[in-house]
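We just call them A, B, C and D in the order they show up, numbering each chain from 1.
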Amino acid sequence: MRELGIGLIGTGFMGRAHALAFHNAKAVFDFPLNLTLAALADADPQRARQCAQSWGFATAHSDWQQLIDDPKVNLIAITTPNHLHFPMAMAALAAGKPVYCEKPLAVSLEQAEQMQQAAKAAGVVTRVGYNYQHNPIIQLARDMIQRGELGRIISFQGEFSEDFMADPTSPWSWRCEAAHAGGALADLGSHLLAMARHLLGNVEAVCADSQTVHNQRPASAGNPEQRAIVVDDQVHALLRFTNGARGTVSSSWLKHGYKNHLSFEISGTLGTLAFDQERLNELRLCRIGQPGFQRLLAGPDLPGYAAFSPAAGHQLGYNELKTLEVQELLMALAGQGGSGTDFAEAWEVERLAAAIRVAAREQRWVKISE
Amino acid sequence: MRELGIGLIGTGFMGRAHALAFHNAKAVFDFPLNLTLAALADADPQRARQCAQSWGFATAHSDWQQLIDDPKVNLIAITTPNHLHFPMAMAALAAGKPVYCEKPLAVSLEQAEQMQQAAKAAGVVTRVGYNYQHNPIIQLARDMIQRGELGRIISFQGEFSEDFMADPTSPWSWRCEAAHAGGALADLGSHLLAMARHLLGNVEAVCADSQTVHNQRPASAGNPEQRAIVVDDQVHALLRFTNGARGTVSSSWLKHGYKNHLSFEISGTLGTLAFDQERLNELRLCRIGQPGFQRLLAGPDLPGYAAFSPAAGHQLGYNELKTLEVQELLMALAGQGGSGTDFAEAWEVERLAAAIRVAAREQRWVKISE
Amino acid sequence: MRELGIGLIGTGFMGRAHALAFHNAKAVFDFPLNLTLAALADADPQRARQCAQSWGFATAHSDWQQLIDDPKVNLIAITTPNHLHFPMAMAALAAGKPVYCEKPLAVSLEQAEQMQQAAKAAGVVTRVGYNYQHNPIIQLARDMIQRGELGRIISFQGEFSEDFMADPTSPWSWRCEAAHAGGALADLGSHLLAMARHLLGNVEAVCADSQTVHNQRPASAGNPEQRAIVVDDQVHALLRFTNGARGTVSSSWLKHGYKNHLSFEISGTLGTLAFDQERLNELRLCRIGQPGFQRLLAGPDLPGYAAFSPAAGHQLGYNELKTLEVQELLMALAGQGGSGTDFAEAWEVERLAAAIRVAAREQRWVKISE
Amino acid sequence: MRELGIGLIGTGFMGRAHALAFHNAKAVFDFPLNLTLAALADADPQRARQCAQSWGFATAHSDWQQLIDDPKVNLIAITTPNHLHFPMAMAALAAGKPVYCEKPLAVSLEQAEQMQQAAKAAGVVTRVGYNYQHNPIIQLARDMIQRGELGRIISFQGEFSEDFMADPTSPWSWRCEAAHAGGALADLGSHLLAMARHLLGNVEAVCADSQTVHNQRPASAGNPEQRAIVVDDQVHALLRFTNGARGTVSSSWLKHGYKNHLSFEISGTLGTLAFDQERLNELRLCRIGQPGFQRLLAGPDLPGYAAFSPAAGHQLGYNELKTLEVQELLMALAGQGGSGTDFAEAWEVERLAAAIRVAAREQRWVKISE
């Protein structure tokens, strides 16, 4: 059985989420691969060592290039701040190694394009961490759409809103910098755009309106110094999908009451389905002829769920979605299919977000192919 | 006390709804007016007589012009098919009589403009039946917005969807004709636009996308003959409000699972509120600092509710909203305020819908003032 | 067509609700009766006259016996405080006139029994105002149960809770006196018991636990004087139905968050249905084989709804339920069926409540037939 | 740092859940213990080896007694069928080793009593897997109750219903045998009773009604042979808590529409809170003076949640609750507190369930101390 040594860069929340996901995927799923946690990198050597030890990695590096070069490492997982995705992924691809990069792919469309071209040239498996798509109930939604159970799809209405910047005294952070892929559209909206594409396919044209509501924020918590903010606090857009469906997307990080409101309603000629990430184990569905929506609760009839529990209602959480993402990645590395967002698809998401930005700035419809 | 003789034209569902509303308003509220049900008109003389008798009207007419000319009639209520609103309202205004006309004001923007000018010239009270606005809990929402409880309003996301045309074999009806103010935008969307204006005021510019999904329908139920359909089945739009808020509106009569889904979420810097006409006695509200939405159930703290019940949770229905609309109309006739949609405001709603149509047709942002 | 003169006693909220219901029933339904609002009685002659005028009654009485004796009056509607139900209804029955009495039937089981015997002896139509049962969606639930759509019924879990006494400084009122049918069980729970019987039939035995949480309350708002309270603030009970179903009922007027939470879940071998009076136009239903509950929203497929609106989602409110109750009463008076709670059935409800009281006091199972 | 070698018996779904929980607890939390996965036992030696390898255990045993005797093993985790809990736990206690046993503690009250006495005599840490209690939002509920935020608690209304036996052709299984702790009360209800005790403390007396609805079931799927069933399909009970609160509990495995409906409403003089395991990241709360319930979504303000995610709305699932249970167990083993259900408390749960059985059989109130 082929050896697969995981090399993980980054030891924050997302680093640990990756570490757990690799371990749990190994315990839960069967792969024709001998998975090992080969190496962990963090700029702080002590933290690298400590986390390696407690998460079960064999070696620790303080230089990420060394991790990439480590011959025991066959897959590079990147969980560092957004602006580091580009150099790390490019280096990994240059070394001919598969890459699993957290979202967003990059902090500019130019970088994203280079990355997807480099991935294509390297011919290796790539994945970007849009893990919400790996929810088994989202997989069910997608299957239903593709099997035609909702008929011809005519509308997608999506929203991803949270409230974490709603307080105007919430301080500036890197999320407020366009150069770090900040702003509500890049930070939240990209998840929604990725989901829309995942479910309905290509978008042809967009029109949009975006707004910076709070033009300045404290430089840090309680700091009287204010920093100017130019990234968007909210965006609304119209979408025309290639399949003929039309839709709206909205994203805001100022919306009181929402914590993780990645939601959508998809209307087809034979039914409507609705989802909200705040209740990620549920789908609401109304088929033609039914009097109203019914609630579907994730259960073991969904393969991704059955892997974790034999009983409906036990509920999956965020970490299981990550484990399922890793499972698909590993299947791809084993040459056995494996769905997920590769660099080419992640670049499409970036391109769509960029078109929305142009449409908002120029107040006109923009074709994605422009 | 001044006599006020009601003259009602039309004996359909809406005619009866008006008749009940006038009676119930008299029983429930105090007015400085001596309200009488003076005359009822229907083209069918027998039906006119029968309904007059069972609804309590003093006289019956088969010619609506006679009703308008009847000296005992001081207010003309119009509940006939849409294309008759114009001639009847114009005749009533020519006679110098106040008019209470069902929505939509007219079947074309030109008619609507003439009607609002005639109303202005006549100097009489006019009202158009956008009765959803008279829901006490909507009044509460509006008061909260106007008192600044939600802070600066930044977003309005509205939808009015139903499923009554979702079946492609649902036959053609007058609602499928533009010349009768048909189509999802005119039939449903206008309620939503009226609500958006009621709550947030003027809209400055719109961009939109609309679609006819089913291009033909049976001429009548089960009829093999098909009629071509050109009115919109669904519309999505972006709105820019004069107060700076941005938003989306969607309307569809093809959306499985919804019966009366006139809904909105309004996001402000100090809170979010949400409403759905399918649960018309409820408002969901999250104020800054609160962990999540709380449900408000209409109760006697709301004056319009207290008029009907001393206890929360008893619930108002459609007919009470109509009674409340009539109450406001009667207050206006008594010269004591009285909110509601007059012809000038109803024309603004029509103008906004017309701008959305232009924006959809020409695929560009349209200023309302164009 | 036979004349039917309505004589109404009481001019409070419930008196007006009756007045509106009689008027609206006449306008909305066809009856083989010539309904007139014949007389209104209130101890205060001026109020009697005023209300008669504004509600459309032909005469006013300040002595209720005179109203009963009035030859123009053929039906006695009683909306006075609970302790007056007995003398008024007995006088009406003595005069051989049909009676429509607000709930509860009486303030003691002994009175209730006398009333039902007098009704039986008089052989006239009687009705008690358990109007929640006349909700068309409750009628649907009952029909489904009776047609066997839920299979064999195995469980009823019901609750009627509100919060109007939850504040311990809410003052004493007549509702705190057992002699006026006060306490959570009599005031709220009786609605729930009536509903349970309406849907599932006879109860055979009960066991119960009740509690007075706040043993004293201010004599009036803000009054430092305290009155001792002995009626129950909450009650929980087990029920064994004659049809073999088992269940629980709970009632409290101390439960924060609820305004009119008359709710139940009925479980059968073929399905589960759930209802909450706070959303009175909805039923939640899960049939065998379905993955979860679906929501049914009242619409014109339900006859009682269709009478008021041709479109689903318009929603009925409290007043329509009252109108529907009156319609059934009028059908009964016309000798054409007419469902509803008569004095015999209302006595059964009282008997069931009394058994619950005994069971709670003696801490044992009590057979209703004891 | 002290070594702690985990010995796990059983390789089913629950065995794997334990294996993952130990690993993830080690990665997520800091303990003053050096945790190792020392040994795994399964009667099938090949399966034992395979699972040990893929879950990361150092050794595999096919004889559970050998695992208990293994000197590298310092904690015995038992995830075998219910009837094996007793011999395994007794052997572990005899060896003086701490025990972590899945629920139920035993298949008879007598066994449970012996086990809790043996645990007391051994003086070691014991835990039983009532992992729903380790939900951070349940911890919040408990803290709120204990801090008095809901005032004096007056009512607990709980239910644990599922639908997995609702189909009468669902075959017999060990869950249908009393000797394996089968029946709705033992299988589901015990979780609810444990939760009620966790939140409100001791119960003093119960009255109950239980029922076997389907008296026979196929011996296996599709098998024409029927087996007689005597365990309960549903149970309803009244509870009197020592703290004065009263309540109801219901449990059914025949209730269509529910998958994991472990739910409760707790009413206090200062507020009401409600929970449903089918939405395990949510609590609904209404405090005195608030107009209605508000939804709390688990977030990083709850320590148990913060361990897994820095952002609200990410959601925990079943496996995180298990990890949190293990974390508390490990804290207890480290002598640093550590909440959870020990054998003494689990015996109290069994004793309460047994009292409910007696109350149902004898149709009378039963004191727990009887």
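Note that in this section a residue touches a chain if its C-beta (ideal position, glycine included) is under 8 Å from a C-beta of that chain, and two chains touch if they have at least 3 such contacts.
Chain identities (UniProt): A, B, C, D = Gfo/Idh/MocA family oxidoreductase.
Source: prediction; values computed, not measured.
Asks: Which one of the chains is farthest from subunit B, going by Cα centres?
Replies: D
Asks: So subunit C and subunit D: same face meeting same face, with over half the numbers shared, or different?
Replies: same
Asks: For the pairs A-C and B-C, output the one whose chains share more C-beta pairs in contact.
Replies: If we tally the contacting C-beta pairs, B-C comes out ahead.
Asks: Determine the centre-to-centre distance between subunit A and subunit C, using the mean Cα coordinates as centres, and give it in whole Å.
Replies: Computed from C-alpha means, the inter-chain centre distance equals 55 Å.
Asks: Starting from the mean Cα coordinates of subunit C and subunit D, work out the distance between those two points in Å.
Replies: Centres of subunit C and subunit D (C-alpha means) sit 43 Å apart.
Asks: Could you please state the distance in Å, as a whole number, between where the Cα atoms of subunit B are centred and where those of subunit C are centred?
Replies: Distance between chain centres, rounded to whole Å: 35 Å.
Asks: What are the residues of subunit A that contact at least two other chains?
Replies: In subunit A, the residues touching two or more other chains are 258-259, 286, 290, 292-293, 297, 299.
Asks: Quick one: which bits of subunit B touch subunit D in the complex? Just the residue numbers, please.
Replies: It is residues 286, 290-297, 299 of subunit B that touch subunit D.
Asks: Could you list, by residue number, the parts of subunit C that touch subunit D in their complex?
Replies: Subunit C reaches subunit D through residues 152, 154-155, 157, 159, 161, 166-168, 207-209, 211, 213, 233-234, 236-238, 240, 246-248, 250, 252, 254-259, 267, 269-272, 284, 286-288, 290, 292-293, 363-365.
Asks: Report the residues of subunit D in contact with subunit A in the complex, numbered from low to high.
Replies: Of all residues in subunit D, those touching subunit A are 13, 16, 19-20, 23-24, 26-28, 54-56, 162, 164, 258-261, 277-281, 297, 299, 308-320.
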